[in-house]
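Got some structures for you, see below.
You will see subunit A twice below: alongside subunit B first, and alongside subunit C after that.
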Partner chain A sequence: MSTGDWLCAYAITRNRPAGLDLGPAPRLIGYRDLGVVVADVAPARFDRIDTLDPVDSAIADLAREHDAVVRAVFRHEPVLPLRFGTVLDGEDAALRLLQAAYEQARTCLDEVAGHREWGVRVRHAEPAATSRPDTAGLSGTQYLVRRRERLKAIQRTREDVVQTAGRLDGALRQHAADTSGRPRPHGVLVNTAYLVETGREAAFHAEFERFAGELRDAGATAESTGPWPPYSFTDVELGAAVDG
Partner chain B sequence: MADHTEAVEAVADLLDRVVHRGAVVHGDVIISLAGIDLVRLDLRLLLLGLEEAPV
Partner chain C sequence: MAGSSDSLADVLERVLDKGVVIAGDIGVSVVDVELLTLRIRLFIASAQTAREMGMDWWTNDPFFSPKAARGELENKIDLAARVAELEARLPVPSREEEPR
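Right, the complex of A and B next:
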């Protein structure tokens, strides 16, 4: 077991400590032109993490803390976020990680440099409460006809929305360097992260707004979130060989 | 209700990115945290459950 010289690792970035404003705790450990942002962490911090109820805000608080450090780096430098819960066995381990992962991390940093992540979600709007047909005084046949017409109309609306959502995604991809699909539960048509060069963000958002209006009219909602550090575009495995 | 859903989604967006995305480090430099994989699994189920719950 470690004696407690644990370092919580948040992100890999350029080795330019002068430009970073990380706050009191986190620091940069550099190797050549790369650095890993770490903070001392008491092992007890994660002691009972598996007993935390996932609904408990403790996990959300830890995640926010992690996000805050990643964003502090991201404000000034390109960032390769490390997954939450990455704990290194001391400074030597941090250096060995940078040595072993140097080329890979550098390539990945170059890819995301100058870009930010934006999330877009499109879903069917709730059926309006007013859409219940007035059935008073209708015969059975009339009722069935009315009902079939109504279902057809709903079906048509859904098809319109699906088509518009597809066009939105296609248009946004034109302005994105990369895209990443995110979990898409029932009723959600698009849940995608786009990696957008900062110079193209205005065009990206103009396109989004144009389609958001169209989708609203067609009976759907479109939301965007961001800017995010490029969390969804750093899906790499950095290895530090066990046998050195 | 809409505010609550938005708040839940904001947390879900954050957790999915911070806990499930980002680069993974392997090897002897890493301290394996007991239970962290369980946390990830729990969260995954929770996030899907939350998002699928009727509003």
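Right, the complex of A and C next:
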């Protein structure tokens, strides 16, 4: 029953095609005051995507495309990025998607309108606790004293950094409408996305810079990314209206 | 904002974060919408699954990138940390006992 007209869907936004500058390929399919941004796609591009290495260029290209389209919409309108690789079977399917997700998407769009996402990451690579002091010329006692001092210093630094990172997060939350914790690989103390109203971005960044300096002094690094479309704040459950 | 640069890793982290849409995922939940009946094997990788699959390339930490050895490595690090902690608690012998 496939139409054979496969569409890659990127994002839900408001149904205002005139305000969008999407470039040649993507287009807006509207339903009431919402629209979904789609582009024709050859599904073969997603073939075996589960077996590809994530850094493989095929996935990287697709992900960049996805991001580029979402950002193009985001420049002009609030946007709900859809999950990567959402492929629809023709325009009717796109309309049904909008119908099914309508209420939730509308609420969600209102929430993210006027906001942008910023990512903040704090890393702390501490010196290996296992490294030994230079033992040349040291008595056993001296060795132990040095070793203990070193370990204590490492621990103090760690506590400092963790505490400062906590204060950074607390301060940034004051300026954010919402926050979302992201995966933290080893050595990453903070990896959080903040949804910030554009009017509060200056205050948000000033706060970040203040703590970034403090963290640098303590031997950690703080980095920020963004502005992002609200990737971390728009988890539209496409089937919710039906299941609920 | 200083240090703002969205590298490919950052883009991938965000775009792939929610995983990839499964055909059946939507097809099942939205009534009689067969969004995708194609046999393309798209799969869901939740962030968790992605990590299990070693998709946490954004760690930028070459020390941890060899995913096969990761579990073992973490055990070793835990042990090392524990040894260090115990050593820190060791009583330092008093001065009189110091060997000459």
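Basically, the second predicted complex is superposed on the first by the 224 of 244 C-alpha atoms of A that agree within 3 Å, B and C clash if a C-alpha of one lies under 4 Å from a C-alpha of the other, contacts with A are read in each partner's own complex, and residues count from 1 in each chain.
One rule holds in what follows: contacts are C-beta pairs under 8 Å (C-beta built on N, C-alpha and C of every residue); 3 or more make two chains touch, one makes a residue touch a chain.
Model, not experiment: these values are computed from the prediction.
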Identify whether subunit B and subunit C fit side by side or clash on subunit A in the overlaid structures.
clash
For A:L80, decide between first (touching subunit B), second (touching subunit C), both and neither.
first
Return first, second, both or neither, reflecting whether A:F208 touches subunit B, subunit C, both chains, or no partner chain.
second
Just subunit B (first), just subunit C (second), both, or neither: which does A:I12 touch?
first
Could you tell me if A:G114 is touching subunit B, subunit C, both of them or neither one (first, second, both, neither)?
neither
In the overlay, answer first, second, both or neither for which of subunit B and subunit C A:R64 touches.
both
Can A:S139 be said to touch subunit B (first), subunit C (second), both, or neither?
second
Just checking: does A:L151 make contact with subunit B only, subunit C only, both, or neither of them? Give me first, second, both or neither.
second
Where subunit B and subunit C land on the same part of subunit A: residues 2, 6, 46, 48-50, 54-55, 59-60, 63-64, 66-67, 81-89, 93, 96-97, 100, 119, 182-183, 185-186, 188, 225, 228, 231-232, 235, 237-240, 242
Contacts from subunit A onto subunit B in the complex sit at residues 2, 6, 9, 12, 46, 48-52, 54-55, 59-60, 63-64, 66-67, 70, 80-89, 93-94, 96-97, 100-101, 105, 108, 119, 126, 182-183, 185-186, 188, 225, 228, 231-232, 234-242
Along subunit C, where are the residues that touch subunit A in the complex?
1-6, 8, 10-21, 23, 25-26, 28-31, 33-38, 40-43, 45, 47, 50-51, 53, 55-59, 61, 64, 74, 80-81, 83-85, 87-88, 90, 92-93, 95, 97-99
For the complex, give me every residue of subunit A touching subunit C.
1-2, 6, 43-44, 46-50, 54-55, 59-60, 63-64, 66-67, 81-89, 93, 96-97, 100, 118-119, 128-130, 139-141, 144-145, 147-148, 151-152, 155, 182-183, 185-188, 205, 208-209, 212, 222-226, 228, 231-232, 235, 237-240, 242-243
Subunit B - residues contacting subunit A, complex:
10-11, 13-31, 33-36, 38-39, 42-43, 45-48, 51-52, 55
